[in-house]
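Input: a single structure, listed below in structure tokens.
Per-chain residue numbering starts at 1, and chain names A, B and C are given in the order in which the chains are listed.
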């Protein structure tokens, strides 16, 4: 195929690229949008004389589809825990052996041997958090550590509830509320889950992102959402509190892994090692406001994060938190049907 | 068309053939680009709609009619009984209804605006045209957030209304169907105004004057002179608003609260967390089919009216 | 909005009752949200919804944010190219499909040209991802040509329809006259058809530009490393925090475009 405008374009692209050509090496990081601290990148670039290019993605599925298709040119990717096994099984990741890297000693014991990457042979921790309940306590002052807040809402909250538009997070939260385990295919239970969600939905105001503003403006009084947003919402509205549902809540962790067809493998490994150092991990957290799984990083973190109850899970609630697994295709099919029915 | 084919002389046939050749040549660049970046990919998707969904996204290269089956029928996940896929149908219907309303509102607002621009002095028209487009050089999401800012409970409209004592309590406008309609109209308005303007700009006001000379009322002039003359613009604008708004999902989510799915969300779900690419492909081809039937209907009409330029 | 709006009460064939009023309403509608976003770009707080005082800190922060500047630049580069190519080929295609006897394949051409309108973006996006990945793998070329090509394709119907609408209402008497005067087909096109067609072409090009500038889904799937445009950058922010920095960038872009448009406008005035 010969296209008439190929040449001038190639020339423009060359010029655009040449401006990046001074560093000795290159590194292409494929990460969630608005998730990478520019300071961290500059520091890495200067330490190793590498030019880092960041490209954003907005969901695990689109990142997976892109890398699977091939020809992408990325070196590093940051999948969530419940996708990591897919990446590994599909043969998309390089066994870069972070467990043998110098800085691996800093990784917190809880995250040194996770189910999704046994022995940490592929990935290093980036950030982790939870899916819990955000409540404006000036509207409702009862117990907020329960998913009943949005599934069986108290009168004060009805019509002021938001639910994150994320299929896996919502359905697993509802399953745990009804006593099951995430990724279950127990149809009896799933039927109850569907009925519970369908019954609860009229009490919700919205299923949307961007809730921080609405808690600040007091348009919303409760939401099922991520902890980092709860933290930011509290900064703007001091009545906001974050609850950990005692029935069970989902935990997630995004980890950095090297791609099998990476072109800058050495730099990618350098980056993996780099972000396991406490000082650098603290930079990651300071920007996106989630915990990072590296011991000793707390002392480098911004003061307001050190004792934030949204970020440091209070001891009594730790046990109820479960990392989401990769659900079976059968479970996914059932969840999609429920999700579609919920929003029809 | 058949009436056209009665006894043509040899030269006429030759001229006609030459013309057809010229027409094809003129269309070739567009067809090549579209073939590579639109129609070709669509064929891939058509093929995919007959495959088996991969376990974690993508497809297995094994024939399956499940994708198509699921567009229309629904095997109840709990009782295994087969029924019509009412969830899909109600989502289709909601999207079509919303798009129709958006098109109508855009037409009601866009027609007078395009007419206003077209009746400015020649040298001012491009200025007004730019005035219409400039808001749309801002990112869609930012624009949608700006609308949200205007209509939310503590937003501009409610603040103004309460401060001049027209209302006591704020009106809930955000997260209503009306909010979606306002947002969609805002997003798609230039797609209506620009084609309308393009066909109005050349309006022959002598014809309109003739209409008035014959003692026609303004309404009759509008209905019987202006509208027939600018019909191609109305049709083009309506297509440009109606079809893309069928797939819209950002505006319904941000302004409507996202509690109900639109067609765009449904299809996106299949390619994302739902991990059922064949169903997603089949759903989109169904949509394509519906739209195409409507469009072919229009082309037939357009060709009939096109004959008069020969 | 001075003289055109407050026009006199006397009878004019151009006036239709209520039309000017609706047009004014339309412009107000178009600009109220835009003014809001300009206003909030000067918010000293980090909120799009709560006014905390005047500040230009978001302009400073946008000025410092290299990622967003690169994304903005790339968006504009792609949109300009895509709009240019789409308008040229759409004009040719419009000339080849209107004001002619029906010919074999005409309906097929029409359908193909409008196809990008009819298929939800995500479908084209996924299919393009698969096709382009193969090409990228083989050629190892990952430049912006893929994005320009994909954008050009979906911009074509947006450019084509206004141009076609314009053409449909033009008779070819003038062109025939030109031909009778022995003008070559090119000269007759250049001096007769093109000037008549110009408003349609301008409308089409503007639409194509705007459409390309807003595209997110196809771009997200086609882009290679380091090719974030403003919309894909925004998409990444959607789940986290959106600050008035975005408003600052939008406002800056608006200001630049308003200045450019005014310049063109003034220059045009001088010429006539």
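We adopt the following convention: contacts are C-beta pairs under 8 Å (C-beta built on N, C-alpha and C of every residue); 3 or more make two chains touch, one makes a residue touch a chain.
The shown structure was predicted, so the numbers you read here are calculated from the model rather than taken from an experiment.
Ranked by distance of CA centroids from chain C, the top chain is A.
A count of contacting C-beta pairs for A-C and for B-C identifies B-C as the more extensively joined pair.
Separation between the centroids of chain A and chain C, computed from CA atoms only, is 35 Å. Between chain B and chain C the centroid-to-centroid distance comes to 16 Å (mean Cα coordinates, whole Å).
The set of chain A residues that touch two or more partner chains comprises 62, 65, 210, 217. Within chain B, residues 29, 36, 145, 152, 154, 271 each touch two or more of the remaining chains.
Contacts with at least two other chains are made by residues 48-49, 85, 126, 130, 149, 235, 238, 242 of chain C. Taken in their complex, chain C has these residues touching chain B: 4, 13-23, 25-27, 29-34, 36-37, 40, 48-49, 85, 88-90, 92-93, 95-107, 109-124, 126-128, 130-131, 149-150, 152-154, 156-158, 160-166, 168-172, 196, 199-200, 202-204, 206-207, 209-210, 213-214, 216, 230-231, 234-235, 238, 242, 246-247, 250, 253-254, 257-258, 261, 264-265, 268-269, 272. Partner chain A is touched in their complex by these residues of chain B: 29, 36, 53, 55-58, 74, 77-78, 86-88, 90-91, 145, 152-154, 174-175, 253-254, 257-261, 265-266, 269-276. Looking at the complex, you find that chain B touches chain C at residues 1, 4, 16, 19-20, 22-27, 29-31, 33-42, 44-45, 48, 108-110, 112-113, 115-117, 119-120, 123-127, 129-143, 145-147, 149-150, 152, 154, 156, 186, 189-191, 194-195, 197-199, 201-202, 205, 208-209, 212, 218, 222, 229-230, 232-233, 235-237, 239-240, 243-244, 246-247, 263-264, 267-268, 271, 277, 280-281, 284, 287-288, 291-292, 295-296, 299, 302-303, 306-307, 309-310. Here chain A touches chain B in the complex through residues 1, 4, 59, 61-62, 64-65, 68, 86, 90, 165-168, 187, 190-191, 201, 204-208, 210, 217, 219, 326, 329, 332-334, 336-341, 343-344, going by the rule given at the top.
Those residues of chain C whose C-beta lies close enough to touch chain A in the complex are 47-50, 65-67, 77, 81, 85, 126, 129-130, 132-137, 141-145, 148-149, 220-221, 223-228, 232-233, 235-242.
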